[in-house]
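Got a structure for you, written out below as structure tokens; questions coming shortly.
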Amino acid sequence: MNQQPICELVELAAAVPDGAKLVIPSDNCGVAMAATRELVRRGVRGLHLVCVPTSGLQAEILVGAGAVATLETSAVTLGEFGPAHRFVDALRRRRIRILDSTCPAVHAALQAGQKGLPFIPLRGLIGSDLLASRPDWKVIDNPFAQGDPIVLLPAINPDIALFHAPLADRYGNVYIGRRRELLTMAHASRQTFVTVEAISDVDLFGDAALAPGVVPAIYVSRIALATKGAWPIGLHGHYDSDDAAISRYVQSAKTEEGFLRFLQEWLGETAVSA
Amino acid sequence: MNQQPICELVELAAAVPDGAKLVIPSDNCGVAMAATRELVRRGVRGLHLVCVPTSGLQAEILVGAGAVATLETSAVTLGEFGPAHRFVDALRRRRIRILDSTCPAVHAALQAGQKGLPFIPLRGLIGSDLLASRPDWKVIDNPFAQGDPIVLLPAINPDIALFHAPLADRYGNVYIGRRRELLTMAHASRQTFVTVEAISDVDLFGDAALAPGVVPAIYVSRIALATKGAWPIGLHGHYDSDDAAISRYVQSAKTEEGFLRFLQEWLGETAVSA
Amino acid sequence: MNPGYSRAELLVCVIARLLEGCRHVIVGASSPIPGAAALLRRELTEGAMRVTILGSNRYNAFTDGGVETFDMAAQGRVDAFFLGGGQIDGQGNINLVGTGSYPENEVRWPGSFGSAYLYYLVPKVILFREEHTRRVLVPRVDFISSPGVSAPGVYRPGGPHGLLTGLAWFSFDRQLHRFRLESVHPGHSVEEIRDQTGFEFDCPAEVPFTAAPEPGILALIRGRIRGEIAETYPRFASTFAN
Amino acid sequence: MNPGYSRAELLVCVIARLLEGCRHVIVGASSPIPGAAALLRRELTEGAMRVTILGSNRYNAFTDGGVETFDMAAQGRVDAFFLGGGQIDGQGNINLVGTGSYPENEVRWPGSFGSAYLYYLVPKVILFREEHTRRVLVPRVDFISSPGVSAPGVYRPGGPHGLLTGLAWFSFDRQLHRFRLESVHPGHSVEEIRDQTGFEFDCPAEVPFTAAPEPGILALIRGRIRGEIAETYPRFASTFAN
């Protein structure tokens, strides 16, 4: 809740404290990459990163930059571009704690957070090593049936939700359209930080056609303008992913040195273009 | 799932079997009153009516017409028009079984149905007579904390969701805008029956601005055209409630005879205007 | 006899004072006096305090359906809410279901709505009922839609802040589980309150009168607020200064 | 050497046959062969079978965010889904996490995605992995992302229907907890399958060749289907007939 949520990208990144539980969306939902570069630039540390339900380049870069203490996700994938080298390397060198999950478990635990529930049940999982690796998950007997074991997941309540969207208004409302997981993230989180392609002077709730696709201002703490703010990831209906840039990243990130060199280039580039 | 969901109102009503668990929305979300009159005309019996989370004239009339065996609701209210006489009378004469609830419990149990969960926890309720009157609700100790009792609600999985909406397309998609409880109802129910003000030949998913407010066709079994189908209740953005008609109803329904006489008038009237 | 303001105006003014410090207040669909009070407080904070009026389209920025009210309350994003009751007792228990034995009550009311949840979760629940009689304010409610207090260990960040009627304002002590008479509305007396109240309550030796609406506030209510509530509560707006 | 169709075309055709009777099939974001097969089956049913392709905008009519896939599966509204695995064993267990000991795996893959849920709930899960080697088809997976079978009492309406590779099609027997070799793709032999498979499986005395794509089907794949998948899998569309 913030009367004047519009701020500069640098301020937005500065307001993410070290150690924050930060929740981020998957690549097709609006990834705040410009903000991620600002976070790396400011040297954020000790994040508990929750991916809804997976991540790609964003988690990979934050992990590579040493910003992440705990990574909770159903997958980290760069798709056809190849392995997420820094993610794999960090695991092998025990530099991060991994909480491997499954997509519906991330969604359900976040919905529990949204509803203020301490836990939520979920089907599946029983007999998997995923469950065996998560002492924070419990199996109980369904109290409504005989001999029906079921998993309970504790709620996820992030400190901050961070994503990129096409449009906000100056009152703090953010348009997300069909990307409803962003709304759940905002509801479940204490604060929501959003970067946007554009900021309108017109109240988004004034348009009955747009209103159903809005994250209301009451959930939104900070909004920063970031043109092409998802780059090099795409933003549906606005721009495609920059495949050449991602390919170059994956090539470079095979070694830590290559990654750091490449990162330096990206951080400089953003600073110039911003 | 139905390849050709468009049908006549009479067919839609005929497809609601006696004894169905029928879920309906509250008065400001789109109430299928024309379909309700058809249901009464066809003499439906033994319904388990679930109100999300309350109802007004629709529950009152179905109860008065003897169509309801069980009523699960947080309230039945006609607001400033006065008491729901047939509802009150049916309770006093033990003609219906009442499952008194509280709004978030209806929502949460329906969400459990939507998610295929056998149950969902909910805060509140402990120490109320509401809880004492619901042996189907259980209290457990939160397995994630010491000495923290919490209520578990069994999921609600209706046979049929029934509501009225402004617009559908001929592929079976239905526009609901911000009335998101209608989407939850459709997800949680085996079938969804919708009456609409208009049917478009253009796919609602073709318009990116409308798509976020759509119930997708996969959930929708039957759609019938019913102009002013919420009358005498209003449909937001389309027409207001007919206060004079509702007042006349409430006056008439003070006695069972008055109710039956009035109902006859309404059923006749609809048949003529349809 | 004529203090220069109506009872509704006094109540609006009292509630607006009680909402001081709130960031977001939700008001039920058929609660014109709390609604007007919330809009007044919003005006006084120059829009900093948010108001959601259930059933309104203008004062409703929700996009997740009816469940959003309850999820928001659980998230700690609702600071105040209003509840009434066909019966209210001295422990703050409220009854929205009916009198006599359940479920074939002598008098049946609509039902519990969201009370059995919001009363537990919203920090400042203001009980509001204009009728102040022994019929409403009873020693013990016949049906507990929601209890005023909970056993130790029960998750309950919220609860009753106090009880406002057409005659008086009581605060509620969550440790003592009792109401305390804080002020009597002008034109009424402690004796009258005792006569009309069916439950025991704490009563200081000196009970002040409820402060009358300040002239500036009255002007606001009669001007901008009246216009604003006309959309949501059209009938009320046309009558409440009478 | 040249049977007149590519391996990808054969696999698309086999999967399309396996989807017979389905009302709704969901395909993952980076699964072009199952995607093409689902679109082919949709074409053959004249649109009666619905196809959802995750990550697509054209073949995605969801309005409740990413969770809708999983909620739909729980509702019984998803008849078939595809899973792969870095390792797959003879009990149908799949490993999408990595080799060696967890969590510092020798080889680490992206993660389990939705497998630990959809494998339990979707009635017809088709395991699909083109690479058919002892590296992939192992006696016992190093990490169970999701098990092939569950203990009695565990809620599991879904599970493995069979395993399709670049060499063969195995059905899965949910009672015996074993794969059964049903057909070998033209140009390959039972001996080759035995050599390349790290787990035991049932093998009838006579194993037929996988039926080649019918000419009409091939024409469909190369015509309308290729055009349709171009939107979702542009690189695949340009290569898969080679």
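To keep things simple, chains are lettered A, B, C and D as they appear, and every chain counts its residues starting from 1.
Assume a contact is a pair of C-beta atoms (placed from the backbone, for glycine too) under 8 Å apart; a residue touches a chain by one contact, two chains touch by 3 or more.
Treat the numbers as computed from the prediction; the structure is a model and nothing was measured.
Taking the definition of touch as given, a chain qualifies here only if it contacts chain A and chain C alike; those chains are B.
The chain pair B-C and the chain pair B-D differ in C-beta contact count, and the higher one is B-C. Ranking all chains by how far their C-alpha centres lie from the centre of chain A, first place goes to C. Separating the CA-averaged centres of chain A and chain D is a span of 29 Å. Centroids of chain B and chain D (each the mean of its C-alpha atoms) stand 40 Å apart.
The distance from the centre of chain C to the centre of chain D, with each centre set as the mean of the Cα atoms, comes to 59 Å.
Under the contact definition stated at the top, the residues of chain C that touch 2 or more other chains are 62-64, 70, 74, 121.
Shared interface positions of chain A, defined as residues touching 2 or more other chains, are 108, 111, 115-117, 122-123, 148, 150, 178, 180, 183, 211-213.
Chains touching one another form the pairs A-B, A-C, A-D, B-C, B-D.
Across the complex, chain A meets chain D through its residues 26, 28-29, 52-54, 73-77, 79-80, 84, 87-88, 91-92, 94, 98, 100-105, 107-108, 111, 122-131, 133, 147-150, 178-184, 236.
Within the complex, the chain B residues that touch chain A are 108, 111, 115-123, 138, 140, 142-145, 148, 150, 152, 154, 177-178, 180, 208-213, 237. Listed in rising order, the residues of chain A touching chain C in the complex are 1, 3, 114-117, 173, 183, 187-188, 205, 211-219.
By the touch criterion stated above, chain D contacts chain B in their complex at residues 23-24, 47-48, 50, 61-64, 68, 70-75, 77, 121. Interface of chain D with chain A (complex): residues 29-30, 55, 57, 62-67, 69-70, 74, 96-97, 102-105, 108, 110-121, 143-147, 150-151, 153-155, 235.
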